[in-house]
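In what follows, chain A forms one complex with chain B and a second complex with chain C.
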Partner chain A sequence: MKYRLTLTKMGLKKGLASKYALIFWLFSALISFAVQYFLWQAVLVGRPLAEFRQTISYLVLMQLLTTVFPKVSYDLNDKVRTGDIALDLLKPFSVEEQLFWEGVGYAVAKFALIGIVEFIIYLWLLNFQVSLLTILFIIVTAALAYVLYFELELILGTFSFYTYSIWGISTFKEAVLLILAGNIFPANFYPVVLKAIASYLPFEYSFGAVGLLAQAPTWQLFGQVITIQLLYILLFYYLSRLLLKHSITVTVIQGG
Partner chain B sequence: MRYLKLLLTYMKVNLKSLAIYDLDFYFAIAGMIIQNVLNILALRFIFNIVPQIKGYSFEQLLLTYALASLSFAIFKCFFINALNISDYLHQGTFDAILVKPVNPLFQLVNARVDEDSWGDLLVALILLIIVDIQLQQPWYITLMFMFIALFTSLIFLGLAILGNVVSLLSNGIADLAETTFDFFEMSKYPLAIYAQALKIVLTFVLPLGWVASIPQEKIAQKHEWFWLAIIPAVCVLFFLLVYQVWRLFLAKYQSTGS
Partner chain C sequence: MIIKTENLTKHYQKVTSSGLLHKKTKTVQAVQNVSLQVEQGQRVGLVGLNGSGKSTLIKLILGILQPSSGNVATFGVEPITHRQQNARKIGVVFGQRSQLRWDLPAMDTFKLNREIYQVAQSDFQARLAKLTRMLAAEDFLTQPVRTLSLGQRMKAEFIAALLHDPELLILDEPTIGLDTLSKNSIVQFLKSLTSKTIIFTSHDLDEVEQVCSRIMIMNQGHLVLDQNSSELVKFAVPSTITFTSKQVSYDELKSSWPNVRQLVNGDFEIAKIKPEQVKDILSKLTATVPIENITVKNNRLEYLLAHISGGKAHEI
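After this line comes the complex of A and B, so read on.
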């Protein structure tokens, strides 16, 4: 437990050390928010204000998750390219654990510097009328979504052992997330067929499902979402370890 | 002439660099094409909710999207390295660029191209042609848009350089260049959707309205041909202004040494 805490602290310090970069990230998030705000205001003109507020708050929540969630595939890629992975493999705990706990610390720093502003905007859009139960639902499902996204990123990161660059595959992932995760476009506006397909795939449970639950916070939906999240986490946990175990055997580090 | 020779050499080296990550390169091309197609699909979903957005039909909004994408794809293909100036400052390699007898910005911009963005460029070009056909625009308007995009990409370059001025001031600690991607998002929609104050900012301060919205309105809708001269002139003027700001801060740049 102690080393996990140390790794989390390391991640936190890393985040706070680059606080200026994170603050500019906030600037970037605010531009993105402005675009979404005006676009959806133009789209939902003449409709009830509540519908607009629901839609834009959903998108802000998605932006918050995107901000906080880890970019493990890039971290792993950097380690493979620079050869630092060799040092990490020598440490007495697994590479994935190092990445996970450092990532948690970094996510806390990102939330403290950027996420909190986005969360306040989210609450403001809903007139600060969000029940404690809804916040609890959001926290639990967002935490599970974080773990699920970490596993997906880890699987993606294993490609770098073969291709030495992750940019292309990440672009591919972004494309999939764009349509199937519901983090750019509100999932409740999807056509029926796409909504049905997305509901079976893991991507929506990393993003869109949290937003949908925030809009309709029922115990039934909550139970359904966390069950599927846990199943996918379990599946991807074993898959990512299997892939990583195999990938590490093909790595060649050129001395140092 | 010397700069042209240098440019050719840079291009040769950059093309050779394609061979390093061949598999990932194909993934990136495919990913970017899919991303563009899905973006268009998302736009289509919006039009399932409403028939028009601020008087713009789906095809008209797609034209704004295509113009912005073409301009940004040109920026990504040729000027993308302008986003990485903070990395040079961070790693201490910026000083090496400054001591060479070639314009530092020329070196920085040409040191790397984004080979993956050819997919973006291809999709934007195809989209522009298809949308222009759907809107029954004469063929020469498509050519005019291609010509204009060469200049509007300078707006993105200018914004990226402006973002890097912050890097120069903070020795690479802070970096606003990446916000160029967010500015691209802003340019994808007509100015009509934004609030009045923001419209003024996007026309006269951060000239993103000139990337797609203004060319579409003045050339495709109103057929006012003199804008073919005004739009490139505005883009060049904005770039030159930013370049002067860059030079000013470059003169004040202080190396961290080592």
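After this line comes the complex of A and C, so read on.
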């Protein structure tokens, strides 16, 4: 267990080592927030102020999740391309475990430098009128959403074993997330059919479901969201391990 | 026995050209029917030219590549399914890869390895102090890896690979790209590791001979030679002397040195000199010709590859 903590600490240190990059990331996030603020103000003109605040706070929460969530597919792609995966495979622990715990540390660094500002903006948009129960719901579902997203990224990363660059596949993932995850566009505004489809797919449970729960924090919705999240985590956990095991078996490490 | 392979073969498809709709591939025979055994405590040098299959063989032994056919056992077990179990007994240094985190000090990786391999704190401190002293690495282990020279980084890689006191040390071209001083310091360090089973791959035969008592030579995927280094060193390999002299012409030299030839850059070369003649020729050359620069080379590996048959080196 202690080795996981050490990996997490290393991820945290890596994040803090690139603190200037993260600070520029924060500025980008703030600019993006300003654009969204004025855009949605124009879209929702004439509607109640509460609706605008709900929408924009939802989008800030989604931006926070996008910031903190891991980009494991790129890490794995980099390791396969350079051949450094060989050294990870020669550790007495699985590659996915190493990626996960180091990623958690890096996510903590990102939260400390960027996420916390975004979270304060989120609270400010809601006049700091957020109950402790809502915050608890957000924390639990966001943590599970993180794990679910990690598994999705890991599956995506296994394509690195078959193609030189996963850039194209990753762009496709971004497009799917754009439509089905609700991290750019609130799910409430979806057409009914798309909303129904999205509610059965895993993408919404990595992003949108956390935001929807923050807007309507009931025990029933909380139970529904975490049940689906856990089911998808379980499914993707086994799927990603199966794919990774198969990919490693067929791979040829670069350079001999 | 630490390693045993029987008719181990690995081939894979390599893309030779690709367009929008077509892709041409060819089968590369990386390792072909290699059978070998390595006993505990042996120091084995695995030598070959680039692309000879040394690194692929190492990866098959480590269980990170799947053989196409044949058998391999590392520590008596099949290495792919037992990779994590074997990893506790193996230390690895790949010259072109790094287990150190680029933006963190090497010390952080050492601490991580202490946890991963569950090394007791007292053992960790003792080994770290010993390895740091042996490699003269005291000054740079707390600096971010990105600020280290290649020589310093390789020393840190060695410490990271040895902190868990592995039984088997696998070194895949660990001195590649290093300057002569750093190379010598690594070679001296390896010579001092007397209790370990070592597999040391390189394309520099002289360097491997300083460390290993047994030499294996690979060529085009085949294990073409497996011999004691004491036997191999007796094998007489001709040398080549290359020198620069701007004060004499080729025709003048040719009259007293009939074997000399001029290279495209204007230097001169005398090739195929028998070992017992090198000293005399050097003395005579330096006494009679005004020389600005001189080097003596013997491409032992290439020469041996041309004169190996039946797994032994033979002089023709």
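Here, the second predicted complex is superposed on the first by the 253 of 256 C-alpha atoms of A that agree within 3 Å, B and C clash if a C-alpha of one lies under 4 Å from a C-alpha of the other, contacts with A are read in each partner's own complex, and residues count from 1 in each chain.
FYI, contacts are C-beta pairs under 8 Å (C-beta built on N, C-alpha and C of every residue); 3 or more make two chains touch, one makes a residue touch a chain.
Fair warning: this is a prediction, and the values are worked out from it, not measured in the lab.
> Could you classify chain B and chain C on chain A, in the superposed arrangement, as clash or fit?
Overlaying the two complexes on chain A (C-alpha atoms) leaves chain C and chain B fitting together cleanly.
> Now for A:A34: first (chain B), second (chain C), both, or neither, which partner does it touch?
first
> Looking at the overlay, what does A:T82 touch: chain B (first), chain C (second), both, or neither?
second
> If you count the residues of chain A that each partner touches, which comes out higher, chain B or chain C?
For chain A, the partner with the higher number of touched residues is B.
> For A:I166, is the partner it touches chain B (first), chain C (second), both, or none of the two (neither)?
first
> Given the superposition on chain A, what is the angle at the CA centre of chain A with arms to the CA centres of chain B and chain C, as a multiple of 10 degrees?
80
> Least CA distance chain B-chain C after superposition, rounded to whole Å?
6
> Both chain B and chain C contact which residues of chain A?
In chain A, positions 18 sit in both the chain B and chain C interfaces.
> Quick check: in the complex, which residue numbers of chain C touch chain A?
Residues of chain C touching chain A: 12, 30, 51, 53-56, 59, 62, 64-66, 80, 83-85, 87-88, 90, 92, 94, 96-99, 101, 103-104, 108, 111-112, 115-117, 144.
> Can you name the residues of chain A that touch chain B in the complex?
Per the stated touch rule, the residues are 18, 20-21, 23-24, 27-28, 31-32, 34-35, 38-39, 41-45, 162-176, 178-179, 184-185, 189-191.
> If you look only at chain B, which of its residues touch chain A in the complex?
Chain B reaches chain A through residues 20-21, 23-32, 34-35, 38-39, 41-42, 45-46, 48-50, 53-54, 116, 166, 170, 173-176, 178-179, 181-183, 185-186, 189, 192-195, 198.
> With touch defined as at the start, can you tell me which chain A residues reach chain C in the complex?
Going through chain A, the ones touching chain C are 2-3, 6-7, 10, 13-14, 17-18, 82-84, 86-87, 89-94, 248-253, 255-256.
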